[in-house]
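Have a look at the structure below, then the notes.
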Amino acid sequence: MYELFKNLGAWLVSGEQWSGPDGIAHRLAEHLQYSLLATLIAAAIALPVGLLIGHTGRGAFLAINLSSFGRALPTVGLVVLVFLASGLSMWPVYVALVALAVPAIVTNTYAGMTAVDPEVKDAARGQGMRAHQVLFQVELPLALPLIMTGLRLALIQVVATATIAAYVSFGGLGRYVFDGLAQRDLVQVLGGAVLVAVIAVVLDLALSALQRALFRHRPA
Amino acid sequence: MNRRTLLGGLFAAASVPALAACGSGITSLDGQGSVGSGAGSSKNGITIGTANFTENQVLGYLYAAVLEAAGVKTTVRPNLGTREILIPALKGGDIDLLPEYQGALLHYLAPKATATEEGEMQNALAIALPQGLQVLPYGMAEDSDAFAVTRETAEKYGLRTLADLAKHNGKLILGAAPEVKKREVGVVGLKDVYGVEFKEFKSLDSSGPLVKGALKKGDVDVANLFTTDTDIQTEGWVVLTDPKNLIPGQHVVPLIADRRADSTVRKALAELGNVLTTEDLTELNRQVDKDKKDPEDVARAYAEKKGLTKGSS
Amino acid sequence: MTIEWSWISGHAGDLAALTVSHLQAALSAVFFGLLISLPLAVVAHRIRPLRGFLLGLSNVFFTIPSIAIFVLLLPVSGLTRTTTVIGLTVYTLVVLLRNTVEGLDSVPTRTKEAATAMGTRPLRVLLTVELPLALPVIMAGVRIATVMSISLVSVATYIGDGGLGQLFTDGFQRNFPTPVLVGVALTLLLALVADALLVAVQHVLTPWTRQKRGA
């Protein structure tokens, strides 16, 4: 075990390991690209759905079941299925990652919306605000903390799961995990895993800092 | 993917040490077992492990078919991974037997080995193998590594032999299973023997959907395939010749743990080895890959057809 | 992408066996996860400084790709079911630990004080008062952990196990969608059924939550 971690140190700091197409810098960039793009696409789909369900109060049953359905979906199976349908392309990776991220964002957005005090909404309407004004100026700002939590949760899961890209020939930090498995090079596997964990934690901290910065100036 | 496989997965870990401890029943007839530790016994069954590609599973189930016919209980665990994963598992006792390939196995154990002739390789293997493991006699069937290009690529770059690749150093992309990057019969040997340097190595799979898909699509220029892959013919791919004999002979050879090697196993697998030809193996692979038949069914049907299941029981 | 129904009917026995194996791996993980989480959660609940550390640690585990955990366990437990179960157990911890701690936190201090005042010993308070009251939150965690484990088992196909996940690698290698579709469908079905059963179990175990709703 000690040997493994000592070699990991050497692996992580060697300059050679950081450069080139199979270098850490490049793999890290690929991993971030897959993760951030997938989370963005998922947010573009899930936020409107969550807001709509929360605002109208209809479809809550759907949102909750979608969440448990999404958690049960086996990512490996989904990746292979899309691969068999689309061939060698990025489709399997993005479909699987988006499917993973959507449920967390929808349910948290919905939960955030339902947590808004109905009296606040009534008051806003009483002041003559239109439906879309109530949604964007009252409900959304109040639901934002939970929405952000959903986004963070989704992003962490996506970062950890983006390793799957390597299974269908693409890059990212999963390359080290899958290549290390094939070569029985545990240092490489551990290196890949540690880097994934580090960027997941760093992204999470960054998002929570952003979240705090956004809400600091607001009363209550 | 049958019930035996599954039970193997569930119980292999628990049963192996327990059974090894009580294997005192029968005296093995086998006089030439492992050195020192005495002969092994297959009395309590054998767990066959196979690598992550079709042919190895076909071979694993062929082994199972002939061993079962000889009265040996078998469990097949398909798709366990690469040689790099399987050999430690064989040493550790998770599996007892696996279908191997002479040259590739030798180069894994002794990367600088020079033997190329079958008999020499068999001797070299006996020396290179770690204690507790042995190879049984090799069979007729052979599945070699091939480095192939599309017809267009061959014409465009004037590629006929592996040596021709060196004329385009830094330009071509090689696609192969991840382990090939570190292997002698792979990136290392191609550089040492032919002076070939690729622009990039793409980690794909062992003559599977990724590497073949990438070659077809043009994502890689050179692909590492198996010579028993029927797609080479159907797609009209060009296999580069190997004038300097980098790629060793790859006769199928059973690799077994001493603790399970007895005369019953030896005899059954030797018979199979003397019957199964390269053409047969290629055809069995095709039935699994193209006709979507189960490797287990294909193997059993073949063993029956060739009279290999008229064993002692 | 066509489904070959004859393949499915011809492999009913294999599919049933894979499903059982799949479920066995997932349930073992949740069982061991609970076995580890319950005492750790009591510690985290009682000793405040350890709370952040334990919860943080389980969160970090969650960020490690599951395939890497399986591979890193190979030198320890080899190509066995044990490797699969240990790997999955690690993942259940994040949910089970957090929910159990939150469940214990949700028990009103007054309730505990009342039990202590009646002369109940601390261990008895824990077992007969705190844990039962924390049960709804713990069960919510068990449900999430079970569904998550059922979906994750298939990752172990990369080390030759993985229950229904074996159908994914098989279909992938042979360009054969039928086993993959069946594997996905059975995984989803397994998760939904397991979740429904857990809801029923919770219903039986916590009758007081029903009465409250009725009131």
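First chain written, first letter: the chains are A, B and C, and each begins at residue 1.
Everything below uses one rule, namely that a contact is a pair of C-beta atoms (placed from the backbone, for glycine too) under 8 Å apart; a residue touches a chain by one contact, two chains touch by 3 or more.
All figures in this text were calculated on a predicted structure; none of them were measured in a lab.
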| item | value |
| --- | --- |
| Which two chains share the largest set of C-beta contact pairs | A-C |
| Identity of the chain that, by mean CA position, is farthest from subunit C | B |
| Subunit A-subunit B separation of Cα centroids, rounded to whole Å | 40 |
| Subunit A and subunit C: spacing of chain centres that average the CA atoms, whole Å | 21 |
| Separation of mean Cα positions, subunit C and subunit B [Å, integer] | 37 |
| For subunit A, residues contacting two or more additional chains | 83, 178, 181, 184 |
| Touching two or more other chains - residues of subunit C | 74, 157-159, 167, 169, 172, 175-176 |
| Multi-chain contact sites of subunit B, meaning residues that touch two or more partners | 81, 85, 88, 209 |
| Touching residues (chain side subunit C, partner subunit A) in the complex | 1, 60, 62-69, 71-72, 74-75, 144, 147-148, 150-155, 157-159, 164-165, 167-169, 171-172, 175-177, 180-181, 183-184, 187-188, 190-192, 195 |
| Interface residues, subunit B side, partner subunit C - complex | 1-3, 6, 9-10, 12-13, 49, 52-54, 77-81, 85, 88-89, 92-95, 205, 208-209, 288-289, 292, 294 |
| Subunit A to subunit B touching residues, read off their complex | 21-22, 83, 87-88, 166, 168-169, 175, 178-179, 181-185 |
| Subunit B residues touching subunit A - in the complex, by the definition given at the top | 81-82, 84-85, 88, 177-179, 181-182, 200-204, 209-210, 213-214, 217, 219 |
| Contact footprint of subunit C on subunit A as seen in their complex | 68-69, 71-78, 80-81, 83-85, 156, 159-161, 163-164, 174, 177-178, 180-181, 184, 186, 189-190, 192-193, 196-197, 200-201 |
